[in-house]
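I'd like to ask you about the structure that follows.
For reference, chains read A, B, C and D in written order, and residue numbers begin at 1 within each chain.
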Amino acid sequence: MNEFSSVAGARAVNRRNSIWRKVLRKFLADRTGVAGLAAVLVYFVAALGVWCGWWGTDWADLGGSKWEAVSAAHWFGTNIIGQDIFSRAIYATSTAFEVGVVVAVLATIIGGVLGAFAGFFAGSWIDELLLWAMNVLDAIPFYLFVAAVAYSLAGSPYAMHVAMITSFWIGTGRLVRGEVIKLRNMEYIEAAYAIGLSRFMIIFRHILPNTSHILLVQASIAFVSAIKAEVILSFLGIGIRDGMSWGLMIEESTKEVLAGFYNNFIAASLLMFGLVMAFNALSDALQDAMDPRKVA
Amino acid sequence: MNAADAPAPLLRVKDLTVEFRTMDGIVRAVDAVSFDIWPNETVGLVGESGCGKTVTGLSLLRLIPSPPGQIINGSIELEGLDLLSLDAGDMEKRRGSEIAMIFQEPMTSLNPVFTIGSQITEVLRRHRQLSQRQARELAASLLAKVSIPDAGRRLDDYPHQLSGGMRQRVMIAMALSCNPKLLVADEPTTALDVTTQAQVLDQMRELQNEFRMAVLLVTHDLGVVAETCQRALVMYCGSIVEAGKTEQLFSSPRHPYTAGLLASIPRIRAERIAELPVIPGRVPDPGNLPAGCRFAGRCSHVQSRCHQERPTLRSVNGNAVACHYPLGADI
Amino acid sequence: MRFLVQKYIAGLLLVAVIAFAAGCESDQSVHQVSAPPGLKTYRHAMDQAPTSLDPTQAANVYANHVVVNAYDTLYAYKYLARPYQLKPNLAADFPTVSADGLTYTIRIKPGVRFVDDPCFPDGRGRELLAEDFVYSIKRQFDPKNQPQGAWLWQGRIAGLDEWKAAGSDYDQPASGLRAIDRYTLEIRLTRPYPQLVDTFAQGYSAIVPREAAEKYGKALGVHPVGSGPFRLVSYDSSRVVMERNPYYRQEPVDLQAEGYDPVEQAYTGIEAIEGRSPPFLDRLEIDFITESSAAWTSFNKGNEVQFTTVPIEQIDRVLADKNPIRLRPEYAARFHMYSGLEAGFVFTAFNMDFPELGYSPDPERNRRNKALRCAIIKAYDWEARNQSWYFGLATYFPGIIVPVSPEYDPDLSRDSVTLDVAGARRLLRDNGWTPENLPTLVYGTTAGVTERLFFEQFRAWMRAIGFPHDKVVRKTYATFGDISRAWKRGELPLVAKGWGLDYPDAENTLQLFYGPNGSPGSNDANYRNPEYDRLYERSSVMLASPERTAIYRRMNQMVTDDCVAMTGLSRTRIYLWHKNVVAVPDREIVGGFFLKYVDVLPVAQTRPEG
Amino acid sequence: MQYVLRKMLTGIPLILGVTLVSFALMVYFGPDMTYQLLGKNPTAEQIIEVRHQLGYDQSFIQRYLAYLTELIRLDFGNSSSGEPVRSLLAKTIPVSLILILPGFLLGHILGVLLALAAAFWRGRWADKLIMAIAVIGMSVSFLIVIIAFQILLCSSDGLNLFPVRGWNVQSLPDYLSYIAVPTLATTFVALGYETRFYRSVFVEEMTRDYVRTARAFGLSSRRIFFRSIFKNCLIPIITRVMFSIPQVAIGGSLLIESYFGIPGIGKATYEAIITGDQPVLKAVVSLTAILFVFVMTLNDILYRAVDPRVSLK
């Protein structure tokens, strides 16, 4: 009996491994995707340096006077109260990763698990309930929802994260649900089911891992969406509470650009554009590489 | 009617070579294939899946998905006119009216959101000067011809409302609608159950005679070939390994591959068609073909020459065979 | 079935199209506002929209801009006199005050009519009577209206609190507030109230006809019915449109009486209105433009809003010189300018109820806390703040009497607003404060970007005297209402806020530190100094006099000496308006009372270079 | 018709869910309006009075039930400015609709057209160019686009062609001049997403067997593309368009409206959220939920019209 399940499992694992190898090969052949990945890594190193305290430590210091121009001491100049814009922009990179990673990971986990449950129990009340929840959350316009969450969790530094996660898991959930409905009827799942593995085990050991291509792509999309949403939310005054982000810098700059001071605007929007663009390229390449029809 | 009596072949394919660009490099799916088809004859193109027979069929209509596929060499002459030299618009006009093709999957080969009537009349009106009404009437009579009951009303049905066999008949009706000279039928019955299969094949045969067209039947099913084709071409790894009159080919195959295929027939007919288990070994990787005879790795009669030198088609006792040591030649 | 569906869809589409067309049409009717050409129109701009036009909600200058123009008030501030001076408006004259200063008699002008409105029996506006004023003040004591203005008269005018306690029945009299006859009011006070006449210039005291209040109820807030110079045409969150009230009383302008200063004000061309009766405009539009950049662009286009404050970010582009303030020639050629200090200030108070830095039962700790507060005050860099945020144009001053108050003392020691990092560190060291035992400073702000940068600046200053980075933290509040709640509940140790004067009397800022006004009152610092409270009570019944000024200044010094607040700074306002507009704009004190005097010349007449 | 009714009925749980979640978030846990209403010098007694009037002293259930009765009667009372909510909505919704509609339609129509072009020339330079621009468009923040367009087109430093902000529509030219910049900005931002989405739909559909069949019978690629494929693609297109309607109608215009100072429903709702204006919030939330159900129903009906395989049960 155990033997049988391990055979079913091994077959699933084999299938997975060979798919991953193909995906990797395909991905590496995609020049845009690799360039995107490289750029993301550069950003990641920048963020890592901030976490390790290598640079960006003086983002909160009043190191200069108001609106200094670009100089050796201040590579991107200084802001209205004399803080170094380069340090702030670099520091903001780490914030972008924090927001992006937290939102992407949690939204993907929640979406994956709930989507898998919904798909596995498709047609039952669990599925109905989850679908209902997804529809309910989908029906509330995104920015209003986020604003409402932010205000109702007033003061919490994670209000924005919570709001984004609550919105972003739904897309993943729906996709995973669809995939799981397909997987559910495949032979190795039926086999595992037939020999009496618990449903919980089946979902987490045999089904979820086989949706990993969806999860990875969805996570990359959520990452980009989170970074972009942060800018708008910061403009609306419901973004990051403490620390520094590109959204806050762009918000700072909305008035400054009219005074002819563009440093904040350029620094933040270029850095953000670069990361979002790189991530979009990466995400596209992943999607191409993982298109199941092309792989299988 | 005997093919040999005709003055000139309807279709003359010469050195057709098709390549695909893939992740693993360039794959030659069809390698210097040449054959002729005479008017009103039925020719079977047989081989295992992946041997290039479908690509050959698609090439005749220049329907190779491009990219990644490309016809890099050869000529396809239909009544003396090289189809490969036509511009895209010209080729378009000839599809359906001079050379048509039907496919294996009757479920998906019809457009799900249009009625079958509108799909047939669309083809009719494309190639003939007909009013909507005339086209509709003609379509109804075509459906009746392929034995679809209550044809007039069926015109307003959507594909999902028909059974698989009916859908394939609709496809045939569409193919007949503009009276092409050559019909390429790619596994037209594979997806159907055995009874329906026989009915559809009978139907095709009848209609072929009525409409006087030639048929290239692409299939892996030797039984079907035996029943319907005057001549057969056997493909292996992108090349034709043997060609000849069906009776002769079946009674005395010269190529070890053909012999291997034939050996599996009785069993295939008894059970469901799945694969050809009697030939040992596997088809070589198309991206990495052996230098000599491509069948050498699986051939029970292999000799050292087979590994070095690629055999070309030559006539052996009435069949054309690509083998250095054809079976029965030395007897 | 299929045909049916298609029909259904066609039907739906048709409905959608009709709805859309109807939407457009109703939209037109809503915005049936724009001036037909030929009407004299002035487009004003403000940075915020009023939330309601009901006088009971006239809590800020934004609301007052509309309220005092839609409604009448008994008194008003003179158009041109600075410092501000009162003049009778609807009242025929200043009140007659009894010898004990407790009974005021006020006569109002006869023949004043409300605008036509369906709330009146025949749709025609009836005459405004003294009884209407009584009714309007009572509304501020009726909880159903959620009134905001009662504090002006609570405990001052006799009988109003009792009237409210008895259930706010408008048919019941209030003993201290009655109409003796059609045109005469009598007001009795519980104790002298020198600022009473000022309160009657406020939007809170604007006169509402009972018929309108009863017919519209809550909707009075969007449907004002008054007797002011203009009547409402439309109002939404982005603009208000008013038109001339044809019944408005004819009162020719006497520039002399309005406090005209030919030296300072002649450049505005204001003499053109001498002897003519306001309002001069056919239409008055006020655009509420939150984003200063948008307001600025709109102003510069020439054919949109005709007034703007100079956005802070444009200062360097617009000004040729800051002391005195002068426009660059290209702006001076196109616009008129007025600049002046605001009637108000910004400051950050310590909440003395926090034992970590305020009052402590332990006298020793009390002493050390005071040293801590004084050190923080020394570390507060007003000059940097002025440069960063106000281009050096603001004025910072010691204490809580603002420079525009007549009682302001320019010679006061500036120690409390002078940066002294070394002194602050010394003070902390001498009193045993170390980075380990310093309390955490919680700086509450609303969520905006400027507020965040204020905080970051403050944190950097505090770090300079030894506060660790994580001992200066920001707590954000979504809305002003939320932070207001935190203040009123005394939840924040630091209260950073601004105060705009309700009337030009230093009493209005001194009451911010009067003990009994402690949370939830306006004394957010919860400063309790018996001596201060005694002086406040004494001065509050005094009319303006050198003696009262001396008391005010003593109180001011106490607040400074006790290190209760980092204070304070008054911003400079720079107003620009198109040259074809004849006006001296102002938004201080009540706000908007100048609008009825605005005139607009035909453009061709004033265009400087053709 | 019966089907429509039945579908609407199944929407009731959804309406309940949406109202419950939004009520909890926006109204129950939302900002406390008391102190906004109290003025500078409130007394403890006044605070209690106002809280009572606003209903803050009632339990969640009581307040939610009261809300549901209001929902059934479709009467939410007066907003905090005193204006009846109904007239507020009647005033703001049409503005939002005519403001957003052109950009919405343009975004989708241009998106479909560009996607058609890209898919039609798949793999060629036109495709690559269009998709590269789409990715760039997707990577720029909406806010940056708005700021840049406003400076370029509306300011005297730029072309100074259109009004900066406001909404004063008397005639068609007025209307066009006010919506020009918002429409450009929304279209610009939406285009990247729409083009990519629609291209993937078209490309997927292009690989279907029936396309090969049609080609084998000599139908021209243009005709196949614009008739056969397009009709099959209508389903994803309809779904996408339909389901963006509630987002766009209520929330989508928020940023545009607040930046361009246009008195639409997005701005009104946002202001209601940050001030805690309960009646407005309740009305908007209900409206959103109802609209969503309506859209779902309409979507099903449209499906039926384009896809014969779907039947209305």
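The definition used in the following text is that contacts are C-beta pairs under 8 Å (C-beta built on N, C-alpha and C of every residue); 3 or more make two chains touch, one makes a residue touch a chain.
Please read these numbers as outputs of a predicted model, since none were measured by experiment.
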{"item": "Partner chains that chain A and chain C have in common", "value": "D"}
{"item": "Leading chain pair when contacts are tallied as C-beta pairs", "value": "C-D"}
{"item": "Chain closest to the middle, measuring from C-alpha centroids that were averaged per chain", "value": "D"}
{"item": "Most remote chain, CA-based centroid, reference being chain D", "value": "B"}
{"item": "Between chain A and chain B, centroid-to-centroid distance (C-alpha), Å", "value": "50"}
{"item": "Separation of mean Cα positions, chain D and chain B [Å, integer]", "value": "53"}
{"item": "Where chain C and chain D are represented by their mean Cα positions, the distance between them in whole Å", "value": "37"}
{"item": "Length of the line joining the C-alpha centres of chain A and chain D, rounded to whole Å", "value": "23"}
{"item": "Junction residues of chain C, two or more chains touched", "value": "291, 293, 478-479, 482"}
{"item": "Shared interface positions of chain D, touching two or more other chains", "value": "31, 258, 274, 308"}
{"item": "Multi-partner residues of chain B (at least 2 other chains)", "value": "none"}
{"item": "List of chain C residues in touch with chain D within their complex", "value": "1-2, 5-6, 8-9, 12, 20, 23-24, 26-28, 30-31, 33-34, 51-54, 57, 59, 143-144, 146, 148-151, 154, 216-223, 236-239, 287-291, 293-294, 297-298, 300-301, 304, 478-482, 484-485, 488, 517, 520-522"}
{"item": "In the complex, chain D residues that touch chain C", "value": "1, 4, 31-44, 46-47, 49-50, 53, 77-78, 80-84, 90-95, 97-98, 101, 150, 154-156, 160, 163-170, 258-263, 267-268, 271, 274-276, 298, 301-302, 304-305, 308, 312"}
{"item": "Contacting residues of chain C [partner chain A, same complex]", "value": "291-293, 296, 311-317, 384, 387-389, 446-449, 452-453, 456-457, 459-460, 469, 473-479, 482"}
{"item": "Chain C contact footprint on chain A (complex, rising order)", "value": "60-62, 65-66, 79-83, 150-151, 154-155, 234, 237-238, 241-242, 248, 251-252, 254-256, 258-261"}
{"item": "Footprint of chain D on chain A - complex, ascending", "value": "132-133, 135-145, 147-149, 151-154, 228, 231-232, 235-236, 250, 254, 257-258, 265, 269, 272-273, 276-277, 280-281, 284"}
